[in-house]
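Below, each structure is written out as structure tokens.
Look at the two complexes coming up: chain A is in both, with chain B in one and chain C in the other.
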Partner chain A sequence: MTFDWSVLWTYRARLLDGLGVTVMLAVVTMTLAIPFGLLLAFLRLSGARVIRAPATVFVEVFRSTPLLLQVYWAFYVLPALLGVGFSAITTALIGLVCNVASFNSETFRAGIMSIRPGQTNAALALGMGRAQVMRHIVLPQAVRRVLPALATTWVSLFKDTSLVSTIAVGDLSYAALQIRSETYRVMEVLTGMAVLYWLLGYPQAKLVDWLHRKLKTAE
Partner chain B sequence: MDFAPILLYWRFIAHALAMTLLITVLSIGFGGMVGVVVAIGRTYGGRLLDAVLGFYVDSMRAIPLLVILIWTYFAFPLMLGWNLSPVAAAVLGLSAHLGAYAAETVRAGLTSIRPGQMRAALALGMTRASAVRTIILPQAIIRMLPPIGSLLVFAVKDSGIASAIAVPELIRQSQVLSGITYHAFEVYTLAMGIYFLLCYPIARGVDAVYRRVAYLGAS
Partner chain C sequence: MSQTLPDMARSPAARVGADKPPMLLADGVVKRYGALNVLDGVGFSVNRGEVVCLIGPSGSGKSTMLRCCNALETIESGRIVFEGTDLANPRTDVRRVRQRMGMVFQSFELFPHLSVLRNVTVGPLTVLKMRPDAAEQRAMRLLEKVGLADKARQHPAALSGGQQQRVAIARALAMEPDVMLFDEPTSALDPETIGEVLTVMKRLADDGMTMLVVTHEMTFARRVANWVVVFDHGRVVEEGPPAQIFDTPHSVRTRDFLSHLGWSDAASAAP
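Let's turn to the complex of A and B:
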């Protein structure tokens, strides 16, 4: 069996374009999923059941179903439900943001709850308002504890963006699969795709391990 | 919303669900074995083995599962020279992927047991192997329960990605069914419901078991 690896070089422009879309999807998703996840976390920590319950259902549904199915659902069902069509990339972002925001909300909730209640009580006793306590006392400490978990979610997200290729969003895996069907260089293109993802993902995985070691909390 | 036309195909859906369960259970079985062996190798096998196995684990954490499955199904057989069925490729890819994550979980559990326990066991004349088996592992397994719970949920959800290599599991057959019946809304909503009913009880169930036995892992 002879392999012709030059196909990867010939199609480098399209692979790089795909790579750009992959990075863009991951960055935009995380940028939106952090505030959305924080909002969900606050809603779930609320004292009122009517506020807590819908947020809980949202988070648990998105955490307990496959992202791929969520993307299909957004692609086939949402337009019929709302009566408006979205582009494939918008659909992909809707699915990714809802999914990642749900995971982020659990991370934030755990981070906020990990700050001992004595700190909140002390701040309240000093005359601070609830919002002030959250902003000046709880959140600054929680951020440090939450960072490693957020980084883990980021690595998962970076890999999960490949799933939106199934609804024809032109990310790296979509570009590679297209090139494969045009050139029939199956082995070369698929291996090239795996290596590209590896080159990007491996340092990220290592960085996450380092963050976990660096920001380890002992109380 | 009309589920009646879909329910005519209940047998079709039941078969799809059975396939999802089959590849999930097989990948949990094989992935679990890989995880335990790799974790023990990394923890007690010396620096070289740790480096080699660490490379495997980090690579699996770096490459998207979709890419792993597509590569295993389309490219790997070209290297071997014989064909893999979609189900075999899916189980192979899912196990290799899950095994890496399981290995990290088991390793974290093993290293969380204080080294004094191993030294005490050795001082009492036990061999390393029997110390791991009878002293370290039983405690570590209890401590590993919460992350094992999330790994099981991920195993169920990730099996859906096998739809990309035409394994007739729940997501793939939902696409087929939505093509036959034109009831995309009902089909995908039903699939979401089935996954939720599979995953949510697993997550909550493992949590409940852990709460009852957590004291056994404390030392």
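Let's turn to the complex of A and C:
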């Protein structure tokens, strides 16, 4: 068996473009999924059922179905339902944001609920309003506590963006798979793709480990 | 219950601040958890400048009563009136009332993500909208008062229990409250740090602060309180000046409670 690694160099521009799209997808998704996830968490923590119920349904649907299906659904079904089409990349972002926001909302909710009621009481006793208690006392502690979990979600997201290649979004996976079918250099291209994901993903995973340790000592 | 009636006889001695209407008044307060009446028609009052101690067995409703006083718990019936404002009235701005009441908790409840200084300034900054430099000045003055100015930049986790509780007192004082509520402030402390907290509380009382203290520290109640209210099974079984409660208790249940703590022996041995 002979390898021809030069194929990676030849197609480097397309691979790097794909890599850029992958990074962009992950960054934009998380940037939107954090506030959206926080909003969903607040809705789910609401005392009013009419507010809580829709948020719960949303979260549980997106948590319990495969991301691949969600991306497909957003691509094929959503435009038909809404009567408007989105570009492939917008569709990909809609799917990813809804999915990751659902996971984030559960992370935030767990974090908020893990702060003992005494903290809220102490803040209320100072005369703070509910929103002030959340903003100044509960949320800062909750976020600190769930930061490692959020970072883990981020690392998963970074890899899961590869699923959007199925709707022809030109991310790293899409570029690599295209090059593979054009050149038939399956081994080289797949290995190169793995190395590229690893080069980016590994430092992130290490960063997560570091975060875990640092926040543990800070408690 | 008729057997409590004779016990309720009040000492004729005039109470501190009795010339004015009470600052805080509880009247016929009922609080239920399910079928259990935690508070079963409780009444007492706190005058301006008084130190009132609530004592009694665990589970007798003292702490619940205290939490009702700043509306951390709601009540089923009766009234709690603070400076003429009925807390149960739906039009009452509970936040306003709480701003004027400082509260100190058994488990300190300092905010662990904030430095000691920020723990003390967070109330004035967020609730009173004080300017940061003014809030810090006030906080440092209070930290000095509780003997912890040198810990201002530390986080609560680096402090001993007694130190944390003193910071919690400073935090409550930073709102310049009219009354301080203490919920078993020394119950979670190591014996060697109880003293430093009681000393701070004693000094506060000497400065004329109105205080309502739930406590198991009978020596503190005996020495510092102007008025002692004895709880049992969600009711007030006796109230009076400490000399009455500790030396000549009228109620059998007060006597029982104190003798369980080994107090009555000491009292009867005293000249």
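Operating definition for what follows: the second predicted complex is superposed on the first by the 216 of 219 C-alpha atoms of A that agree within 3 Å, B and C clash if a C-alpha of one lies under 4 Å from a C-alpha of the other, contacts with A are read in each partner's own complex, and residues count from 1 in each chain.
In this text, a contact is a pair of C-beta atoms (placed from the backbone, for glycine too) under 8 Å apart; a residue touches a chain by one contact, two chains touch by 3 or more.
Keep in mind it's a predicted model, so treat the numbers as computed, not measured.
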A:Ala53 touches, of chain B and chain C: first, second, both or neither? neither
Touched partner set for A:Ala125, first chain B, second chain C, both or neither: second
Which superposed partner A:Ala194 touches (first chain B, second chain C, both, neither): first
Greater residue coverage of chain A in the superposed arrangement, chain B or chain C: B
Touching partner for A:Pro140 - first (chain B), second (chain C), both, neither: second
Touching partner for A:Asp160 - first (chain B), second (chain C), both, neither: first
First, second, both or neither for A:Gln204, with chain B first and chain C second: first
Which superposed partner A:Val77 touches (first chain B, second chain C, both, neither): first
Shared chain A contacts, counted only where both chain B and chain C touch the same residue: none
Residues on chain A engaged by chain C in the complex (per definition of touch): 118-119, 121-129, 132, 136-137, 140-141, 144, 219
Contacting residues of chain B [partner chain A, same complex]: 58-59, 61-68, 70-71, 74-75, 78-79, 153, 157-158, 160-161, 163-164, 171, 174-175, 178, 184-185, 188-189, 191-192, 195-196, 199-200, 203
Sites on chain C touched by chain A in the complex: 67, 70, 72, 95-96, 98-99, 101-103, 105, 107, 109-113, 122-123, 126-127, 157, 168, 171-172, 175
Residue ranges of chain A in contact with chain B within the complex: 1, 60-61, 63-70, 72-73, 76-77, 80-81, 155, 159-163, 165-166, 173, 177, 180, 186-187, 190-191, 193-194, 197-198, 200-202, 204-206
